[in-house]
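First chain A sits with chain B, and in the next complex the same chain sits with chain C.
For the complex of A and B:
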């Protein structure tokens, strides 16, 4: 706990120092990034201690506060989430120090670093807070700090618009949380104490669960509440996108899991609800990711997909608890937590790599890039690692979490009664479909940017980024590889938290933990075997080719040599068949074609956009209708002083009449 | 038994494309290429040098290596047939099997994109799309077998209790086998999804992705394709031939005959029908998925 408080102190001190440094860019960067690095390191140590210790540590302040006490507590569930929450921002801060150099003369970096350090501290506080007031204040500070960071380039219209959408979305979520905590407090609970049996009515836990799902689900980016995510994450500076997408959205998952611990034994429909939302998020996320033409938007939608996978894991876990199936419960929760850990690494890495691409080329438009692997070897290599992780392919780290989820679903589908087998099968179908589509999206992201020939002048002029930006990417990639080769290590970190979550399922916990560990170990063996086999095959080829002619020629383009860069398949054309096939889901795909006409055709063009289904199909009509209703009272606001005098007069008359009636 | 069967598969796999081709030829009244043609091709390719495209990078060279490593590893998980266990078996190993095939595809597709050729990009695009429809069908078909047998490992669910499962859930397993067979055709780029024999670049999927590979690299690719055909055929054979023998040699005979039988079946399908139009292929694959889903409903209800 002392380490944790020291981390918070260092973060706040660094942030304040940076704020005071203001426009002195070098000083602000040193204080801000240094504070994040040191604070993150201390905090990660505190989190590790929290994971390894048997008991949880608590700090309670003697005086009370409205809605409960001021209390911090690091139990194993908090610690598991705290680990990436400190680690990823610390690495991203090094990167940010290089990334923000671009603005050192035009912008006060002190404010940005202040917001960054406060964001990290508030995320940590959210995970450790137990009293309602501290939690809500930290939650709000987290939202505001990230809003300030999202709108860093506020002179651009799309940035302001994205920031606005984010601000509205996060506060709608907070509104649901406010009601959640009020009702929870009414039943005698807070984030520490489960609600008591006698204080709660029959419907209260269910209502609380739904409120938590809406409130925390908004932050997590679960469909259909995800619409802010693909707006806000792409426009933020890349190290901030990495923190938001890799870590901040996972506080939402934490909230949902924490809430289920407080609300008593879960009925079947809670798990089904969470699982269903996870299925929708996964499919919507992966399909929209596939259709995007901006690298960071693609990554943002991929986050929606991965949060959906975590939700499916949590849902299966809850279903397992409800159905008394310990194996399914433990595998489901372990899958959710392990995937959370892995996602924080590979998604942060991917956003940092995307930032490097932006830094080097000035664009993120997939169809203008290409061939960057020759110009940016390091960035390309780490991007490949992140892509393999996000596509959940061995030997990288995304695979183990999904394997556990698959195993949970298989155990449910093969051997359990219908109420578990049905959801299990649904998860299997979803994962099968999403797995292949996620791999396709990964191929698109990596292939369109790094492979082939440059498609535009920006890509042609690209240079590798400087080492402050490269080092954190390498470290994150090393983490991805390490957790890919030794996934059991990651599982050991999250296993105790999973046991706590799956506790209500019944006997057989040790058997289930052994099964999960065995599976993770096998995923590691598969990854290692893959490396060994691939090295052997590569060695064999090298031996075969020794002393033979190894020539170089232009790409064979069937009938002529040398592929034309402009005739290459682009990212859009690569996924066109799939996007066209899923048109019923991606309803808003609208190609705009200007065909060549006449004997001497002028420039022709083709443009296809895939806006968000939920944003255009649901939220925009809802908000437009709402705005329409709210417009109506504005008829009263006429601007004429006479009219306002009349209002006053009428009000006075009404009050007089009321008083007369009252006294009588 | 498992490792011996694995070694046998590694040796015999290049026979399968020959069997398929010979079946096609016989059905068409031709004599056809020798059964051992692929062995000769591999030997010739392995003795050659290589040419790499100047536009390509390390990704292009890594493609065949990762492909072969992944497929060879996946084969390790496949029960050889006749109820025998695979060399490696554990719960949920079928997921690792599917993931390794996905990795193999990932490597091939990236290598194709690395050349910058529009034709290879076209093949990559189609391969990715069809895989997205094949993978759920493959998984669902396997889940049907898992549910029918009550096991979640390939070796266990296709093992000793399969005959009993056939007796109880015959119809469902039949449908699942059909779905699995279609998925195998798609996974191995056979007719009616793709035609490995055609040399019209615009109509191909798999062949067009490997246009630029030469020499030992092409050998690795061809051998990996044969291994994949063997692995997936062995799955189908294990499912549809629930024959159990006491002696090890008899089991090996049943297993090998089953795999060769599936190859003959593929050859018969290839000679009986033409390649589907590209826009019809998704219907076939979704149809296979729906078939498997229906089978699953039957198993769960029955």
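For the complex of A and C:
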């Protein structure tokens, strides 16, 4: 706990120092990034201690404010989430020190670093807070700090719009959370004490669960509340996107899991609800990721997909607890937690790599990039690692989590009543579909950016980024590879938290843990075997090619020489078969085609956009209707002094009449 | 004595109606001044034999401020700002009068309902309410800023009348406070009118609509 407090202190001191440094860019960067690095290191140590210790540590300080004391507690569930929450921002801070250099003359960096350090500290506080008031304050500070960071380039219109959408979304979520905590407090509970049996009515736990699902689900980016995510994450500076997408959205998953611990034994429909939302999020995320034309938007939708996978794991876990099936419960929860850990690494890595591309070329449009692998070897290598991780392919780290989820779904589908078998089958289908589509999206992201010929002058002029930005990417990639080769290590970190979550399922916990560990070990063997196989193939290729002349030709030129770069595959054409297949779902894909006509065709064009179904089909009509209603009372705001006076007099008269009638 | 009070009260209401019906601003201001005089001599009448020194002093003060100082300020502001002399109503004169009659009738009806004892002057509450209502009507239905000040003064006179229902009058300090308040209000408005006129070349409140958000 002392380490944790020291980490918070260092973070806040660094942030304040950066704020005071203001426009002195070098000093602000040193203080802000240094604070994040040191604080992150201390905090990660505290989190590791929290995972390894048997008992949770608590700090409780009396306070005169309502809702009692300041109480911080690091139990094993908090610690599992705290580990990436401190590690990823510490690495991203090194990267940010290089990334923000671009603005050192035009912009005060002190404010940005202040918001960054405060964001990290508030995320940690959210995970450790137990009292209602401290939690909500930390939650709001987290939202505001990230809003300030999202709107870093606020002179651009789309950045302001995205910030606005984010602010509205996060406040809607917090509104649900306020009601959640009020009801929870009414039933005698808070984030520390479960609600007591006699204080709670029959429907209360269910209502609380739904509120938590809406409130925390908004932050997690679960469909249909995900619409802010693909807006806000792409426009933020890349190290901030990495922190937001890799870590911050996972506080939402933490909130949902924590809430289920407090609300008593879960009925069947909680698990089904969470699982269903997870299925929808996974499919929506991966399909829309497939159709994006902007690298960071693609990654943001991929985050929606992965959060959906975590939700499916949590849903299966809840179903297992409700059905008394320990194996399903433990496998489901450990899949969710392990995937959370892995996602924080590879998604942060992907966003940092995307930022490096942006830094080097100035654009993220897939159709202007290409051929960067030769110009940015390091970035390309780490991007490949991240992409394989996101596509859940061995030997990278995304594989193990999804393997555990597959195992949980199989266990649920194989030998259980229909309440378990049905959702289990659904998860199997979804995961299979999403895995294939995620691989396609990965091919699109990596292929369009790094392979082939440069499609635009920006890509032609690209240079590799400097080492402060490369080092954290390499470290994250090393983490991805390590967790991919030794998934059992990751599982050991999360296993105790999963046991806590799956506690209500019944006997047989040790058997289940052993089964999970065995699976993870086998995933590691598979990764190693694949690595060995790949090395053998490479060796074989070398042997076969020895002594022959080997020529290099343009990629995707079909053997022709000197093909025009515009004639090669584009990002869209790489995934066109998949997108065409899902046209009924991606209904909003309307290509605007101006075909070439006549014998001497003039300029022709093709353009396809895939807007978010939920945003355009649901939220925009809702908000437009709402705005229409709220516009009506503005007719009262007339501007004429006489009318205002008339309002006052009429009100007074009405009050007089009311009092008259009332006293009679 | 009661009849004298009643005559005074009816005079107050009639003067209010007069302010509403006057076509020229100067006339309206003078009518308000006349109402001030009547209001000044009203407290001694209501109190009858129990007239003390402070009541007389207060009546003199009220007359000095309501009947001399404020009208003089307003007339001066009008002259300085070169306000056109017509009242420029939103609601026509006959319609205003009709409304004023209705409001006065409603006020007297309401006064009977209200549980306020006025042993010495039965018309007191009614005429107070009527003056208030007509003042409000003046504020709402006339375009010029000067007329709004006049409506404000009428409302203040209504409140003054209401104060008379409290036996022995309001405490001196409160009455002085109200008087001072009104004086400052009129001062500020007079100056504001003058300055707005200088800056924008007009003084009709509807033109200020452009200032809304």
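One rule holds for everything that comes next: the second predicted complex is superposed on the first by the 633 of 664 C-alpha atoms of A that agree within 3 Å, B and C clash if a C-alpha of one lies under 4 Å from a C-alpha of the other, contacts with A are read in each partner's own complex, and residues count from 1 in each chain.
Simple rule for what comes next: a contact is a pair of C-beta atoms (placed from the backbone, for glycine too) under 8 Å apart; a residue touches a chain by one contact, two chains touch by 3 or more.
Note that the structure is a prediction, hence the values are computed from the model and not measured.
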Contacts of A:604 with chain B and chain C, given as first, second, both or neither: neither
Superposition-derived comparison: chain B or chain C, residues of chain A touched: B
Chain B versus chain C as contact partner of A:2, first or second or both or neither: neither
Partner chain(s) touched by A:638 [first = chain B, second = chain C, both, neither]: second
Contacts of A:443 with chain B and chain C, given as first, second, both or neither: first
Contacts of A:569 with chain B and chain C, given as first, second, both or neither: first
Footprint overlap on chain A, where chain B in one structure and chain C in the other make contact: none
Chain C - residues contacting chain A, complex: 90, 110, 113, 136, 139-141, 143, 148, 205-206, 208-213
Residues of chain A touching chain C in the complex: 637-642, 645-646, 649, 656, 660
Residues of chain A touching chain B in the complex: 370-371, 373-374, 384, 388, 391-394, 399, 402-403, 406-407, 410-411, 413-415, 418, 421-422, 425, 428-429, 431-433, 435-437, 439-440, 442-443, 446-447, 451-453, 515, 518-519, 522-523, 526, 529-530, 533-534, 536-538, 541, 544-545, 548-558, 563-565, 567-569, 573-578, 581
Residues of chain B touching chain A in the complex: 46, 48-59, 62, 64-66, 68-70, 72-73, 90-96, 98-100, 102-103, 105-106, 109-110, 113-119, 121-122, 124-126, 128-129, 131-136, 138-140, 143, 146-147, 150-152, 201, 211-212, 215-217, 220, 282, 293, 296, 300
